[in-house]
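All remarks here apply to the structure that follows.
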Amino acid sequence: MNLARNFVENFPCFSIVLCMVAGILSTPIKGNHAKRITLLVVILVTCMSAATFLYVVSTGTSFVYTMGKYPAPWGNEIRAGVLETMLATVFSLVMLFSLLGGMDHVFKDIPEEKINLYFILVDLLLSSLLAIIYTNDLFTGYVFVEINTIAACGMIMIRKIGRSLVAATRYMVMSLIGSGLFLIGLAMLYDITGHLLMENAHLVMNQLVQEGKYSVPLLVIISFITVGLAIKSGLYPFHSWMPDAYGYSTVSSSSILSSLVSKSYIILLIKIFYRVIGFDNIVNSKIVDVLFVFGLAGMVMGSVGAIMAKDIYRMIAFSSVAQIGYVYMGIGLETEAGMVAAIFHILTHAITKSLLFLAAKGLNNVSGRKRVFYALQGSAFRNPLAGVAFLVGSLSMVGIPMLSGFISKLLFATAALGAAREKVLITLIVLAVSTILNAIYFLHTVVRIYTPVHVPEEFKNVHVRVSKGAALAVFSLICMNFILGLLSQPITDLIQVGIAMFA
Amino acid sequence: MTAMYLFLAAMLLPMLSGLFLLFFQGKLKNRTLKCILIFLVMALTAGLTVRLMCFEDYQLVLWHLTDKLDILVRMDNMTRLFAGMTVTAWTLGGVFAFEYMKHEEKEDRYFGFYLIVMGVLIGLDHAGNLITLYLFFELMTLSSLPLVLHTLTHDAVMAGLKYLFYSVAGAFLALFGIFYLYAHGAGLPFCEGGYLMVLDAYSGSGKMTLLVLMLMIVGFGTKAGMFPLHGWLPTAHPVAPAPASAVLSGIITKSGVLAIIRVVFYTVGADVLRGSWVQYTWMTLALITVFMGSMMAYKEQVLKKRLAYSTVSQVSYILFGLSVLNQDGMVGALSHFVFHSVVKDCLFLVAGVIIYKTGKKTVKELTGIGKEMPITMWCFTLVSITLVGIPPTSGFISKWYLAEGSLQTGIGGYAWFGPVVLLLSAMLTAGYLLPISIQSFFPGEGYHYQELRKKEPNLLMLIPMLLFTAAAVVFGMFPGRFLGFLQMTAADVIR
Amino acid sequence: MSRIRDNYEDSLWNRLTKWVNGESDPFAGKMEMEPLREADYVGDSVYNPERLDKKKVLKYLEDTEKNQEIRAFRVLYNLSSVALCLLLIAVLLMAVSYLPVLGDPNGPNNNEVSARYVEKGMEESGAVNMVTNMILSYRGFDTFGETCVLFIAATCVIILLRKSEEEIENAKETDWKYEPKPDAILQKITLILVPVIFLYGFYIILNGHLSPGGGFSGGATVGAGLILYVTTFGFHKTQRFFNEKTYDMVKVGALSLYSVTMIYYFYTGANLIENHIPLGTPGDILSSGMILPINIFVGLEVACTMYAFFALFRRGGM
Amino acid sequence: MGPNLWANIDEVAAVILFGIGFTTLLLHKNMIKKIIGLNIMDTAVYLFLAAMGYVDNRLAPIVENGVTDVDAYINPIPSGLVLTGIVVSVSVTALMLSLTIRLYRKYHSLDLDEILIRMQKEELT
């Protein structure tokens, strides 16, 4: 491409490097300045991603940006299509709102001299998220997955209470296992294709599949990469670290982790499916069926765990297990509709889950920092904003029309009906069961926080002052929820376009 | 276009004023003024609804949820019937509550949610396709929950949770039916007689469709207290304030009926079900519920709970009338819907008056109460007779049509079995209602007339009861035009 | 003759009747959802449901040693782990046995990519060492990310282990190990060795584009020199020339210069603008454009990080 | 088993090491041993890559006296990947070790189960 490119096309690269620079520069400075820098950077990134998104939509084609002067297959590349830019925009928005919403608690929970380090982690996490979303190169993917993991681990353990340390350790172990599988899969993939850039590897891959060469290693590679990323994103049997990790870290961390980090691996997986291995090959190797089964198991077991949970954070965390199950179930349906549903659910869950975490934090703030349900009795009257936020989030998760959760359930159901015959019934049944379980645990919490019976004396006249930033964050998350619920059609269309651009 | 604005006004006016009331709880000190305002809101809503009913049949898209899926409102005879009944009963119940709620605290909260539910119900009655129906159905469940757990005692909260979970579980059973039908192109607006037969997508997956329909019937039947999932009714009604339980059993249980009508007669069409195992199961469940409800009511001693059980059985009369899938059954069902709403509202109001004035809850305590509040107990007696179905009262007409419809089905056992069960249950109804009036008027010995003093409630409570009673009787005397309307409606949907 | 069965409560028939009467509540007691009752109050403080299972949990925790289930589970666990290991190895062997033959000149990964690195590498990016070419200029983005991995790991270690000043002061009295005893032989040898190590490390860094080595290995060597020095002379002496402030400055400076270089490189490269970085003649020490400075930056960063790891692990501060 | 098992003997060794390291990391309860397993696993991957990059009788990819011929040198990419991998594993190991130190300071144990038990005890009492 020898023609001078539009300046907008620099934005993905800029946003990635900008975050890194911000992280680097936050090392020697005070926490407050670091906070300002971070917020500024996140806002900038949001704007740039949005601009790129509009640009890509207007041109209608994805573009490739060579990182350096050497084109593929020799140099690194990043690639921005509709889907990538949309995800980048939403992710940075959610990141911004999670930070704003939890800012007070960041300053409360973290020792004062380490706050700037927290923001370093946030910056690098955002950069790695963007890089994972945009990357067009497998090994870049691996490197930034590692950054992502370490940053996430840091965000869990920065609050040095016992549980968060243990949670961080378990999270680290799980992720390292995932990375190991992913890395060896990558090495083998390079061994048989000789390429690390996605397009070229894809070409060679198709050739190999046609000639029927290396069928056994191919199968092993696919399964290793898939299982590795699935482990890292906390698919059902590997979810054990989730409740503590989300439940005991500071609220911004938990909302960022649950809504963005675990999703980024899924996105990388989807990219690899489409852009490296080819979705047909994936379908032919029965690996997606495995994902499907574990996804279904996760949908049910996560909800059961949430019902058994005695503390609101653990409940929300377990419900994330269930939601990740939904996403993998959608991928496992082997249809494009299922994939669209999965990606839409990623957006839905990103928004709703961060909203829920912020709301839960607000609620247990006015309940003497107690997390167990009995203390939250009637807390919605003590902190109305958080109450409304929790209500909206729960209704969305339960799937009331006009909220985003309903649309993703609708998409899942319709996709399931379009899927292979033996998958239809089981999917619908599990979807119904898990929805009812969702309703049970979310609604009983809603009833509890809205029934001021036997409110403990010490909480009777607690009234928390919600900071402007938090209010703004919660409000805009609620709005995004409604937008996804009411204007879903263009978004799903764009997702379809983006998936089409993948191939 | 005017229709749309009118509809939005009729739906949003009560909702918004209810929200307003909730936000400014206890701010408005002058109670009379407040009651007048609330009454004005309800009356205005009723007026708007009536005005809407005068329009020709129409269909309006409020919002495009997705390309294939709209939030759709529609006006047809079914809407007229249900919306009309809703606003009438709701307004009268509200008037009654003005007096009754004096002895409950937090009445602002009650009235706020009362108004919100009114708006939601208007939306529900106007719903034009399954998704819209489902939306308002869920909203109704959630917004009527505070009415149930109003008193916030432990029992109330538990009952509320029970109500919530039964309804939500039922609604989700239905929801996945809705998704299924939607995938088969049934996101389309309702049309008389349904259209699933003509959809080519339907061919092939017949078994699945029937299963899904069964699920939807059971799911929506939860709201109507049909057998396997009827448990919430007898728990929720006694704990709710009397006017709330009146509209709960008078109107909200009927919304389940409306949903089933919309699914069966307006979406899939009766022919899909006719003669299938679904119809038989449905009839069986309905009959079981009819009989069982009456039995339970007969055994029950707490008045409101007895009335709740009787609701269980009576609403299943309606479901049975629908399940026979022919015109007479339909007419019977619809008329029974109206009559039972009137009657059961009145009965619960009477129970409310008794609790309000004397605080007596169980049947035994009611001996001689007819001496203390004769008008009230006369209303009670009259509507009880109506409910039992003694000619010439209205109950008789509906049950007649029900029996006729069941006979017309010509399904071996059911044709005869149905009427028999209905008759038995009618006797049981007499058995559990009439003794109350008898012993209330003829306390026999042991009743000390000297300490008898009149406890008639004031007009705010009397007028609604009297109106309901009058309606119950008058409908029975001159059912002509009304039945004509119902037959027309039934003829539209069942060919 | 009808007699009530003793366990009538949980008989099937009773359950059925309760269900029919609508008395059975499928949710109550099954999960954490019962609202508080008056009975749940102990005085005026909130009754704590956890108190109930607390004893149970504690008991469970106490007798983990004697607990049969846990024993059995552990045995099963070990067996299953061995089985898993063997299974994994078997699968991988299966895969490997089908992989292309090792050392085969026309194997799939000796393709146009490596060909270009080998053939054009020298004149395109000017370094004699192709690996350095590859990682620093062709795939420079990966390496930049890699440096960030190191940076963020250092950040995490600081978060976990850095102590505040007074903590260190307090630790001093209790723990004599922080400052090593002056040991003549050791110190003399160190004084001889450390400069050599530094020299060698800088040599590796500066010749990264000419010979094996580069920023990472050279930086590690320099870091090793620092560590040797601090183990011999203790932190006080070290802090005269290398304390936390210098650490921050060096690291931040190196990394920010690195990132500036990379931004410039990416921008010019992607927009096909001529980047005026002279490549020089391959083989000279001052050649290969930006590779030499990048090596230096990376070397500094790695050296700092290595030393930081050591210092934090040992003492919780620099 | 496929045809190239003996030809790829280095890679065979690599994957066996990988399996051992993987299992140690996943299933061993002692933190230090977990970390050892992690390092074994990573080393196995480097061995795999290095073996993969080797080509019979070719030189290391450093231009000697101006010869830039494809057949002269081996493929430089795997070496680069090994370098990256080493850095990543160094970072991760440091992080894990510091986590272990923290946990030990808090719970005086390296056994993860033991740590969990003590954590719960500490919270309950």
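In order of appearance the chains are A, B, C and D, and numbering begins at 1 in each one.
What we mean here is this: contacts are C-beta pairs under 8 Å (C-beta built on N, C-alpha and C of every residue); 3 or more make two chains touch, one makes a residue touch a chain.
Computed from a predicted model, the values in this text were never measured in an experiment.
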Would you mind checking the shortest number of contact hops between chain A and chain C? 1
Which chain maximises the distance between its CA centroid and that of chain A? B
Relative to the centroid of every protein C-alpha atom displayed, which chain's own C-alpha centroid is closest? A
Tell me which has more C-beta contacts between its two chains, A-B or C-D. C-D
Could you state the distance in Å from the CA-based centre of chain A to that of chain B? 45
Roughly how far is chain B from chain D, centre to centre by C-alpha average, rounded to an integer in Å? 69
Between chain C and chain D, what's the gap in Å when you average each chain's C-alpha atoms? 12
Can you check how far apart chain B and chain C are, centre to centre, with Cα atoms defining each centre and the answer in Å? 64
What positions in chain C touch 2 or more of the other chains? 27, 33, 35, 37-38, 92, 94-96, 98-100, 107, 109-110, 113-114, 117, 139, 142, 146, 149, 152-153, 156, 160
Hunt down the residues of chain D that sit against at least two other chains at once, touch-wise. 2, 15, 18, 22, 26, 52, 77-78, 84, 88, 91-92, 95, 99, 102
Shared-contact residues (touching 2 or more other chains) in chain B: 154, 157, 161, 165
Which pairs of chains touch one another in this structure? A-B, A-C, A-D, B-C, C-D
Taking the complex as given, what residues does chain C use to touch chain B? 19-28, 33-35, 37-38
Seen from chain A, its contact residues with chain C in the complex are 2, 4-5, 9-10, 13-14, 17, 20-21, 23-25, 27-28, 65-70, 73-76, 113-114, 117-118, 120-121, 124, 127-128, 131, 137, 139-140, 143-144, 146-147, 150-151, 153-154, 157-158, 160, 184, 188, 190-195, 204, 214-217, 220-221, 307-310, 372-375, 377, 440-441, 444, 448, 451, 453-454, 456-457
For chain A, which residues are in contact with chain B within the complex? 395, 398-402, 407, 409-410, 413-414, 417-418, 425, 428, 431-432, 435-436, 439-440, 443-444, 447, 451-453, 486, 488-489, 492
Please output the residues of chain D touching chain C within their complex, sorted ascending. 1-5, 7-12, 15-16, 18-20, 22-23, 26-28, 51-56, 58, 60-63, 68-73, 75-80, 83-84, 86-88, 90-92, 94-95, 97-99, 101-102, 117, 120-121, 124-125
Chain A-facing residues of chain D, complex: 2, 15, 18, 21-22, 25-26, 31, 34, 38, 41-42, 44-45, 48-49, 52, 77-78, 81, 84-85, 88, 91-92, 95-96, 99-100, 102-103, 106-107, 112, 115-116, 119, 122-123
